[in-house]
Each structure stands twice: as structure tokens, then as C-alpha cells.
Amino acid sequence: MSAAPLSEAKSNTPFYIATGREVEAFQAAYNSCLPVMLQGPTGCGKTRLVEYMAHRFGVPLYTVSCHEDMTASDLLGRYVLVDGNTEWVDGPLTKAVRDGGICYLDEIVEARQDATVAIHSLTDHRRELFLERKGGEVLRASKDFSLVVSYNPGYQSVLKDLKTSTRQRMVAIELGFPEPDIEEKILIESGVEADSAVALVRLGAVIRRGSITGLREVASTRTLIAAGKLMAHGLSFKEAATLAIAGPLTDDIELRAGLEALIDTYQPA
Amino acid sequence: MSAAPLSEAKSNTPFYIATGREVEAFQAAYNSCLPVMLQGPTGCGKTRLVEYMAHRFGVPLYTVSCHEDMTASDLLGRYVLVDGNTEWVDGPLTKAVRDGGICYLDEIVEARQDATVAIHSLTDHRRELFLERKGGEVLRASKDFSLVVSYNPGYQSVLKDLKTSTRQRMVAIELGFPEPDIEEKILIESGVEADSAVALVRLGAVIRRGSITGLREVASTRTLIAAGKLMAHGLSFKEAATLAIAGPLTDDIELRAGLEALIDTYQPA
Amino acid sequence: MSAAPLSEAKSNTPFYIATGREVEAFQAAYNSCLPVMLQGPTGCGKTRLVEYMAHRFGVPLYTVSCHEDMTASDLLGRYVLVDGNTEWVDGPLTKAVRDGGICYLDEIVEARQDATVAIHSLTDHRRELFLERKGGEVLRASKDFSLVVSYNPGYQSVLKDLKTSTRQRMVAIELGFPEPDIEEKILIESGVEADSAVALVRLGAVIRRGSITGLREVASTRTLIAAGKLMAHGLSFKEAATLAIAGPLTDDIELRAGLEALIDTYQPA
Amino acid sequence: MSAAPLSEAKSNTPFYIATGREVEAFQAAYNSCLPVMLQGPTGCGKTRLVEYMAHRFGVPLYTVSCHEDMTASDLLGRYVLVDGNTEWVDGPLTKAVRDGGICYLDEIVEARQDATVAIHSLTDHRRELFLERKGGEVLRASKDFSLVVSYNPGYQSVLKDLKTSTRQRMVAIELGFPEPDIEEKILIESGVEADSAVALVRLGAVIRRGSITGLREVASTRTLIAAGKLMAHGLSFKEAATLAIAGPLTDDIELRAGLEALIDTYQPA
Amino acid sequence: MSAAPLSEAKSNTPFYIATGREVEAFQAAYNSCLPVMLQGPTGCGKTRLVEYMAHRFGVPLYTVSCHEDMTASDLLGRYVLVDGNTEWVDGPLTKAVRDGGICYLDEIVEARQDATVAIHSLTDHRRELFLERKGGEVLRASKDFSLVVSYNPGYQSVLKDLKTSTRQRMVAIELGFPEPDIEEKILIESGVEADSAVALVRLGAVIRRGSITGLREVASTRTLIAAGKLMAHGLSFKEAATLAIAGPLTDDIELRAGLEALIDTYQPA
Amino acid sequence: MSAAPLSEAKSNTPFYIATGREVEAFQAAYNSCLPVMLQGPTGCGKTRLVEYMAHRFGVPLYTVSCHEDMTASDLLGRYVLVDGNTEWVDGPLTKAVRDGGICYLDEIVEARQDATVAIHSLTDHRRELFLERKGGEVLRASKDFSLVVSYNPGYQSVLKDLKTSTRQRMVAIELGFPEPDIEEKILIESGVEADSAVALVRLGAVIRRGSITGLREVASTRTLIAAGKLMAHGLSFKEAATLAIAGPLTDDIELRAGLEALIDTYQPA
């Protein structure tokens, strides 16, 4: 992903500023009826991108945060007892397949394997969903249906890796953190004052350049926004950055001291 | 599998171009009432072969994507509560046994062992299905019933190996990737433009020859089709191949760089 | 097991040709009201022997393929909801105990331990079945009841070993592969042509003599029959033996090459 | 346990010949309202002793074969759905506590821990059973109630050890194999012919003396009886001992050869 | 715990002879509304102390033997189906909180973690119980409510340790075995004859002094009482001590021989 | 956290004395609609701070003690059977989101992962709660909703670590033990006499300075209060401190001896 960033700000459109060619790639995958695998660090804007694209396509968005107890039934639907009878209730994936829409499976590798496997027939030439538990009903996906998953490889343990047979069914779109000028705009748009935004983006950039060795993750745009909001509610740069950036990033005493020294260095005059 | 490839293109027939003698082998197993074990890499066309054969035999196809939470009940059927009573609902295997048809268990080793064992009596001289939970009902398989499983040995962990007592009940048919001229036809048939198809098949062939050491899987025909579709929707060869081939194949930085260099080398003039 | 094989071929009698004194041993155990533990390699005819003996005794046969999710309830029975009440439904073991018959537990070590323990009181001087979940009902086994289990020691992992306190309750009958002349008869009886039968039995014998080191299992009579059937439906000896014998036996490239060389050597002129 | 064996053979009394002072010890524990822990090898007569003592005390016997899926509910009772209501059904332990009788928990360490813990309040000065799931009902044990468990320490894995806090609540009675003259009587009483009994008891004794190193268990009285019954139904000493003693004791080829050599040596002239 | 033992023997009062200042400590914790953690070896009288204190306070006692399948619902209560509706039934902890009384959780570390966590809000300044599954009902504990747990640190595995955040909510009262003169009184009170009591207490003391190295636990007062009762029912000192002390303490042959030698040495003249 | 402590003692206000700037930080996070992660040792006052802030904001407080069996349904709600129909009952998180209020998840890492993931959409710009099991209902959080979690990093095992993607959504507020003069006030406010308070705070301080190496946790304010209460009910300093501080802190004999020596040293004259 590189080249000219895309910015759209029509009224009602969810706020999103592109950091590369992710919007064009997403659009081409959608037009090709191919599922999308989003990759990128925590808090870089994956959820916002999906919200933005759903609005652009004019389709509903069904977001599912995957977890280790999530089974296929949570996606497909299940029987519920009504007046002594069992009645089928569609899950979010089934709804999106039936009526059109984006089904976004956030952190898909966390889900149980039956949930991952349930999407296989939707992600090849068949574009079909099998509801085995509903008497074997087969749904052919509407043209407006799109499947999007997020997946962070370095972030997961070796035990939780997406199967290569699943990955080969996806178009892989990578997102990174925005360039400084774009990130400043994002902070200001989120309610951070301009001066704070400049200082916080500088602090974020130095942390991301790896000046503190050993951090499991760097400061996301989300943490910069949080610090900025705390400043808008009366806390100092130092206190806000400590509470919203240093604290969430690490409990290690030495790493913490390093971060606090950086905060001292980068606080606005 | 070798020798003259078989191509059938009657109207309504699912699109399938044989890469060896898999169609004859499948037909002989079907005529002998023997179950089939399909082997071959991700995305080489196992699902399409089964669809094609089901159409050729004029029987319905029941596809089940196996997973680690799948139990015998998902195959055989279960009781559902209706008006305060429990009512039996056939599973896909039971339907195929009762009415004739192919039951295709995709990636059978993923299923729980009770599901694997449930097929044993169907795969020897008995050709019977025991519905123990349905009062011990015994179904004798219709002549049109055929059981097909897919299984990729190298692909599975040692913990998930098909028992030899199960394997010895099957006829093993191996599929590989198609020869270049056939693969080009398949891409064009799937909506890829002719020029793109030639370039993508060349790229796929060099990846499959093992020029990048360390990849867990090579580029399947499916990924080449995906890249071709993205090109048809306006992306460049380089961007399409990166999104649909390099990204899905690996997250490793060095392997990724190797793939991108290959993409640069093989992009059409 | 040695000495004169026994062959019975009355009309309606299931097809079985004895390979030793297994029929006499089974008969004596049945007359002594002792349970039987069948041992022997995959596909050597254990199921057929039990079918044959059940017909000989004139009693029904209840076959249960054991698996790791099988619990005592699958053998004994369970309550099912009917019109808002729970109603007891006998399992296959309970049926055989109540009405007489052979209950055959195939690969008993695969079952959960509660299933194995449920048979203890049936296999000593008590010959009783406790239905604890059915209000403590105690069934005394009919004189015609017989319990048969199959168990392959080398085949199981150390974690799945039959407890010695269970084994000491059984009469152990061992089965092997039949002698060549008998196996030829079995193949011909199963629909294989005479010439194919001779060649396939020779191939099976050389594989069983251990000419390929490293195979987890050798070629069973069942795989020879499968290859013979494929030949009857038009495939060559080489193609049939590859599909039905070499493929099912191994995925290892070297072992596979060894098997294919043997197939070349032993193909009929 | 030593001294004069006790033999009782009144009509209707279950057949039991004491091998030591186990009957007196059991009687004293019963009179003292103390629970009993029976120890001894497979097939030495633990079940028969409990049956005999229950008859002697004139109380019913509730036998429970413990297993790893057995929970407290299997002992105490559970709610069952009747006409839309839940109705409590006593388990075997609750029945014995309420109405008097011996509750015999065979191989108690196999049970889940909640089952083991459920007996604690029954085995100290309280002699009470708490039915927590039945609204906290507390049952005081009838004077005729006795709890008996069997437990073989060497036989279990380290993971399945009876807690010392449970053991200290029991009177430990150890059983061994009977002396030759007593074992002959037992075999004859069980339907074995006198000559066979003498030969089989001699064979059993030599195996128990440890002449075959490496056997996990020695030949129990039960296996000698089984071999004797097979002889009574027409099999030779050699065939019967192989089927009922050597086969059940081991699958190891060398140990098996050793046992068969012993059988040859000890076969009657 | 040291100083003058406390003995109370009013009619109806449960029998308890204090071995230290445990009664005063318990009383002060009760008056301070602080929960109590009882520590001490198997069979030293923890249950009897709690029974005694409940009687002294004039409140009911709810005893729960914890185990690894015990969940919060077993303590708090659950819904039961009555006439097609779900009806809430209080668990023992909820009853004690609502109506006053001691809830005694025996071997609390055995319980599942949700059960341990359920008591947290009861054991700090809040003294409240949250019934989340009952629509979030909050019960404020009655002044008469007291929570008591038992916990033996050396006895548990490292995996089953009480969390320090739980421990810091408790007053820790330690119990030991009684002094010889007190233990003799306890034995006599329990129905042991005076002569037997003297001999058994001497035997117990020498075992507790560690004369047999390797025993996992020493002889509790409970085992001495059991041996004394067997003597009262006609067994000799040697036989009774072997059955009730040596057998329950160990299965190890050498440790057993050592114990039997001690029994010989300490048997009364 | 440092600077001037905040003390509020209006009538009805829960008792809380600030130890740093935690109240201001909490207020700014609340005004910024950012979730709060509280960190600090056992018994330092986390629960009291949340109670105090809820009262200050004038909103209800929903406290949930997390544990390893807690699932998303315990937070979100579930269907309960009423008159044969299933009826939805809101969980504590759903109630707080719907009606406003603080939802406090105590020791959140103990909860199952689906519970942790359920809060993700509440903790970013969306502030929405998905009730997937309730037909996909989406709740937008009221302005008064605030999510607070507690988390002690050093305290948890490596297996139970809060995901960095969850942490980056929180404002991290750290609490420590209060300074001596403040802690004395807290003890006196809790009913401890002034002299005892001085002595106990001195004892607590020396333990916290690490004079006993190897303790897993130091003495919390809570244990000091407990010891003070026992003294108010008649126990000596030494006995009270042993029961409420030394006993709960360790079972190790040497550490225990060290603590008792400290207690001797620091007992008031």
C-alpha cells in the first residue's frame, strides 16, 4: 500500500482518511466478489475502514468480535425455544449472506475452528452457505455480500494460525499507521486540540521508531487520541500520556521508565 | 494420475477440466461401490471434481466441511424439539445413504473421531449406516450412494492422521496442479483475460517449482484466478499479484520480499 | 489358531471361510457363557466372523463401532423427551442382554472408560447389567447373550490400553490373514476374476512378508478385494493396485515408490 | 490376613470361601459403623466377598462400578423431567443410606472427585449424607448402612491415588489369592472338572510365583475358572489355557511364548 | 495456639475438647465479622470445632465439602424447572447469608475458581452476596452470618493454592493434634475402652514423632478411634491397629513393615 | 500518582481517602468517555475507589468478580425459560450500558476470553454493545456509562495476560498503599483504636519495606484493619497480628518465624 491517500468527508459518511491504496484494493475485491483479509497493528483503523467501505457500498455492516468460545452457531444461527417449539434465528453471517451486507469477523483466528470452516464454501466459486443444522438449507450469497476478516500474524501464538487453505481464499490488504500529517488530522478530527495533536503525534512516532526495545506493541493512533482527550479534560501532557500511553503499553518497570523519559522529552514547551 | 486429460463442456455441466485419469478412477470406484479418498494441495480443484462427478452420475451432492467440533450427530442427524416432542432430522450423510447421492466429507481428519467411525460400516461389505441414537435403525445404502473424503497428509499435524483402518477402506485418488496450457484455459474460463492468464500461470509455475524456499504452500490455481479477477477490475498485475498471491501465501518478511521480486520479474511487458 | 480350516456355505449363511480354529473357540466360549476378545489386523475378517457366528447361533447381532465420544449411555440407553415426559430407550447392549443376541463392540479401547466399565458386571459370574440411570434396574443376561469385543494391541497408543482387569474377563481369540489358497477363494467369492485374484494374492503376500520396511500396516484382504473390483470395472492391474493398495497404505514417497515397484514386478503377464 | 479360613455353604448363601480373616474383619467394621476399603489383585474375589457379607447381614447390596465420567449425581441422585416438572430420583448411595444396605463402590479412584468427596460426611462421626442439589436435605445413615470401596494401589497411575484424608476414614482389608486346596474347591464349585482343576491351579500357582518376569498381572482365579469351563465344553487343556489365560495376560510375543511353554509343561498327562 | 485447653460438656453441646486458644480466636473473629480459615492435618477435629462453635453461637451450620466439579451455582443456588417455569432454589451459602448461620467450605481449594470468587464480596467491608444469575439480586449478610473455610497448604499441589488475595480476607486459625491426656479423653468419650485408649495414644504419638520416614500423613485421632472401636468389637490390638492405622496410612511395603513393627512394640501387655 | 490526597466525607458518601491523583484521573477518563484499568496490590482500596466514584457521579455501580468459568453471557444476559418461552434477562454489563452506570469487572483476566472480547466495541469510538444472542441487538452506551476493570500484572501467570489490543483501549490508573498518616486515619475510621492503629501501621510499613524476603504479597491495609478489629474484641496485639497478618501471608515455616519476630519487635509497649 503506498501512493496518494484518499480522503472522503461527505456528510453522514463515517470519518476515514486512507493511509495508502486500501480503499481501491477493497473496492476491487468487492467488485470481484473476493473476500478480504485485513492485516495491521492494534488501533490502526481496521474497524473504521470497514465501516467506511460499508457506507460507500450502501450495505449494512455486521461486526463479530471472534473469541475462543465462538462457534459456528454464533455466526450461522441457532434454534431458540418459542412456545415449546424450536424456532430458527439467523446469525449475523447468515443475515449478511441472505440480505446482502459486509460480515466483518474481527480477529478470526480466535474463533473455534468450526466457525472458520463454516465460511469455506462462501469463499470459493460456490459463494454458498450451508446451514447443516437447519435441515441442510443452502443459501447462495447475494451479489452485495462481502466477507471481511482481520488477522494479525505476529500477534498470535503459533497455535492460533490461520490455515493456509483459508488464507488462499482471501485478498490480503495491509494497513499501517498513518503518516504524521494525516495522523494529526485524525487526532484533531477526534476532538484533540491542535497543539496537543502535534506533540502527541511526535511522541507516537518516536515510540514507533523502536526507541524503546522490548515493547510488545507500539503506541496506536487510538492511544494518542485518548491522551489528547484527557488533555482536553484538564490533565497535563505528562499525566495524560502516562495514563493513556505508557500505562497501557507496559507493566515492565524499565520499559515504563524509558517511556516516561520520552514523555518528558517530548512534552510541549 | 497421468495420460490424456479429459474435458467435458456440455451445457449445465459444472466446469471441470481433468488433469489426469481422476475421472476414470472415480468412475470405477463408483461402479465398484468403493469409497474415494481425494488427495492434493489446497485449491487444486477437489471440490470441482466432486461437483462434476455428481452431475455426471446424476445424483445430488452433500458437501460437509469437517472441523474439530463436528460430531457424528452432524452427519447422521439428531432429535429436534417440536411441540414438546423430539423429532428426528436426518443429517447429510443419512440423506445421501437413504436417497442416493454423493456425501463429500471435506478434510475428514478435522472431524471428531465419532464422526470418522460412523462411516466404517458404510465402507466395507456391509454398506450399512447404524443410527444408534434413532433406536438402532439400520439403513442399507442405496446403489447410488457414494462416500468421498478429502485428506492432505503432509498438511495435517501428526495428531490428526487418518487411521490406517479407515484408509484401507478407501480408493486413493491423487490430484495435482494442471499443466500450464490447461491452467490457462481454466483461468480464462473463470473470467481472467488471456494476457493476464498467461502471465499469472507463468508466475504460479515458478512459485511451484520451489524458487522460494520455506513457503508452507505454493500458489494454487484459486489464487491465480483471484489475481486475474482483481486485474479485470482495474488493479495492476503487480498490485493484484501482491494482494491475491504474495499476501495470502506468507507473512514472513524475507519470503514476502522474494515473492515480490518474482512478481516484478514476471510482470507482463 | 491353527489346524483344518472350516468352510460353511449353506444358503443364507453369511460368507465366511475360517483360517484356523476360531469357530470352535468362539463356540466353546459361547457355550461357557464367556465373553470373547477378537484380535487381529485391519481387514482380516473379524466383522465377518461375528456375523457368521451370530447366524450360526440363530441370534441377532448388535454391532457398535466404538469411538472416543462414546459413553455408557450409547450402550445402555437414555431418556428421550416424549410429550413432555422422559421415556427410556434401550441401547444396543441392553437390547442384547434383555432379548438375547451378540453385542459386538468394535475397537472397544476407543470408547470412553464409563462404557468399558459398564460391561464389567456382565463379564463375571454375575452376568448382570446395572441400569443406574434407569432407577437402578438390574437385568440378568439371557442365556443367548454374548459379548464380543475387538482389540488390536500393537495398533493402539499406550494411552489407550485395555485394562488388565477387563482383559482377564475375556477369552482371547486371535485371527490372522488367510493362507493363499483360502484368500484366493475369498477374493473370487467377492466378485474378483480368478486371474486377478491369483496376482493380487501374490502381491498381498509379498507385502505381508515385510519386503517394504516402515509400513504401519500391510495390505489386508479387504484392499485386495477392492483392487480386484476396480479391475473388474476396467482399470489395469497397475492402476487398480496403486489406487486401492499403495495409496491407502502410505503417503511416504519412498515407501510409495517401493510399493509401486512391487506392483510392477507382480503384475500378471 | 492369615489363620483358619472360613467356609459357609448354607442354601441360598452366595458361594464364598474365605482365604483369611477377612470375614471377621468385615464383621467388626460393620459392627463399629466403619467403612471398609478392600484391597487385592484382579479376580481374587472382592465382589464375591461383598455379596457374601450383604447376605450374611441380611441387607441389600448396591454395587457401583466407578469410572472417570462418574459424578456425585450418579451416586446421590438427580432430577428427572416428569410431566414438565423435575422429580428427584435417589441414586444407589442415597438408597443404601436411606433404607439400609451395603453400597459397594468398585475401583473408587476411577470416579470423579466430587463423587469421592460426597462420601466424606458418611465416613466420619456424622454418618450423614448431604443432598445439596435436593434443597440441602440431610440424611442420617441407617444403622444397617455400610460403605465399602475397592482400591488397588499398585494398579493405578500416580494421578489416580486415593487422598490420604479419604483413606484415613476407612478400615483396610487386604485379600490375596487362595491357597491351592481352597482354589481347587472354588474351581470345582464353579463347574470345572476335578482333574482340570488340579492342573489349572498348579499352572496358576507357577505363574503367580513370578516365573515369567514382566507380566503386569498374574493369572487370577477367574481366568482359571474360564479355562476350566472351556475344557468342559470340549477344548484341550492347551487350547483352553491359551485362550483364557495366556491371551488375556499379555500381547507381548516373548512373554506369550514363556506362558505357552509353561502351559505345555503343566498340561495333565 | 497454646495455653489452657477449653472443655465444654453441657448436655446437647457437640463433643469438643479444645487443644489451644482456637475457641477464643474463633469467637473474636465472629464478633469482628471476619471470615475464618482453619488449618491443620486430616482428622484433627476441624469439623468438630465448627459444629461446636455453631452450637455455641446458636446458629445453623451449612457444611459443603468442596471438590473440583463444584461451581458457584452449588453454593449460591440455581433455577429448577417447576411446571414449565424456572424457579430459584437457594444454595447453602445463600441460605446462611439470608437467614444467618455458619457456612463451612471444607477444603475450599478443591472448588472451581468461580466458587472461590463468589465469596469475595462477602469477605470484605461489603459483606454482600451478588446473585448475578438471579437478576443481579444483592444480599447483605445478616449479623449472624459467618464464613469458615478449611485449607491445608502442605497437603495440596502447587496447582491448587489459595490465591493470596483470598487469604488476606481471612483470619487464620491453626489446629494441631491434642496432647496425650486430652487425646485419651477424646478416645474414651468416643467409646474406646480406657486401656485401649492409652495404648493407641502412645502408638499415635510415636508415629507422629516421625519414627517412620516417608509417610505422607501421620495417624490422626480419627484412626486411633477407629482402631479402638474395632477392639471393642472383638479384634486384637494388633489386628485392629493394622486394619485401621497401618493399612490406611500406606501401601508401601517397607513403610508398612515399619508400622507393623511399631504396632508389635506398642501393643499392651 | 502523587500530590495532595483528596478526602471527602459528606454524609452518605462512601468512605474513601485518596492516596494520590486517582480521583482526578478517574474523573477525566469519565468525562472523556474512556474506560479505566485500575492497577494495584490486593486490599489497597480499588473497590472502595470505584464505589466512591460511582457515588460522586450519581450513577449505579455493577460489580462483577471475574473467574475462569465466567462467559460473555454472565455479562450480557441470557434467555431464561418462562412459561415454556425463552425470555431475555439483561446481564450487569447490559444494564449499565442501557441505563447508565459503572460496570466494574474485578480481575478481568480471570474471565473467559469471550467475556473480554464482548467489551471491545464498548471501548473504542463506537461505544456500542452487540447482543449477538439477542437477535443481533445493538445498544449504544448512554453518556453515563463507564467501564472499569482491575488488573494486577505481576500477580497473574503468563497464561493470563490482558491482550495488548485490550489494554490499548484503557486509561491505566495505578494505586498504591497509603502513606502512614493516611493509613492510620483509614484504620481508625474502620473501628480500630488509635493506639492499635499506630502500632499496626508501623508493622505494615516494615513488612512492605521488604524486610522478609520471599513473601508473595505484603500486608494490605485490609489485614491491618482485621488485626485491629480482633484487638478491639479482646485479643492481644501479638495474637491478633498472628491470626490476621502472619497466618494469611504465608504457610512457609521460616517466613512465618520472621513475621512473628517482627510482630514481637513492633508490639506496643
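Letters A, B, C, D, E and F mark the chains as written, and numbering starts fresh at 1 in each.
Everything below uses one rule, namely that contacts are C-beta pairs under 8 Å (C-beta built on N, C-alpha and C of every residue); 3 or more make two chains touch, one makes a residue touch a chain.
Here is each chain with its UniProt name: A, B, C, D, E, F = CbbQ/NirQ/NorQ/GpvN family protein.
A quick note: this is a predicted structure, and the numbers were derived from the prediction, not measured.
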- Item | Smallest number of contact steps required from chain A to reach chain C | 2
- Item | Intersection of contact partners for chain B and chain D | C
- Message: I need the rotation angle between the copies chain D and chain E from a CA superposition, between 0 and 180°, in steps of 5.
- Response: 60
- Where chain E and chain F touch, do the two copies share over half of their residue numbers, giving same, or under half, giving different? different
- Note on the structure: CA centroids of chain A and chain D: separation to the nearest Å works out as 62
- Task: Find the geometric centre of each of chain C and chain D from their Cα atoms only, then give the gap between the two centres in Å, rounded to an integer.
- Result: 31
- Residue ranges of chain B touching at least 2 other chains are 81, 84
- Ring order of chains, beginning at chain E and proceeding to chain F: E, F, A, B, C, D
- Mind listing the chain E positions that touch chain F in their complex? 21, 24-25, 27-29, 31-34, 37, 39, 71-72, 79, 81, 84-86, 112-114, 116-118, 120-121, 124-126, 130, 132-133, 135-136, 153-154, 164-165, 167-174
- Query: What does chain C use to touch chain B in their complex?
  - Reply: 42-43, 47-48, 62-70, 74, 80-84, 89, 91-92, 95, 106-107, 110, 155, 190, 216-217, 220, 222-223, 226, 229-230, 232-235, 239-240, 243-244, 246-249, 251
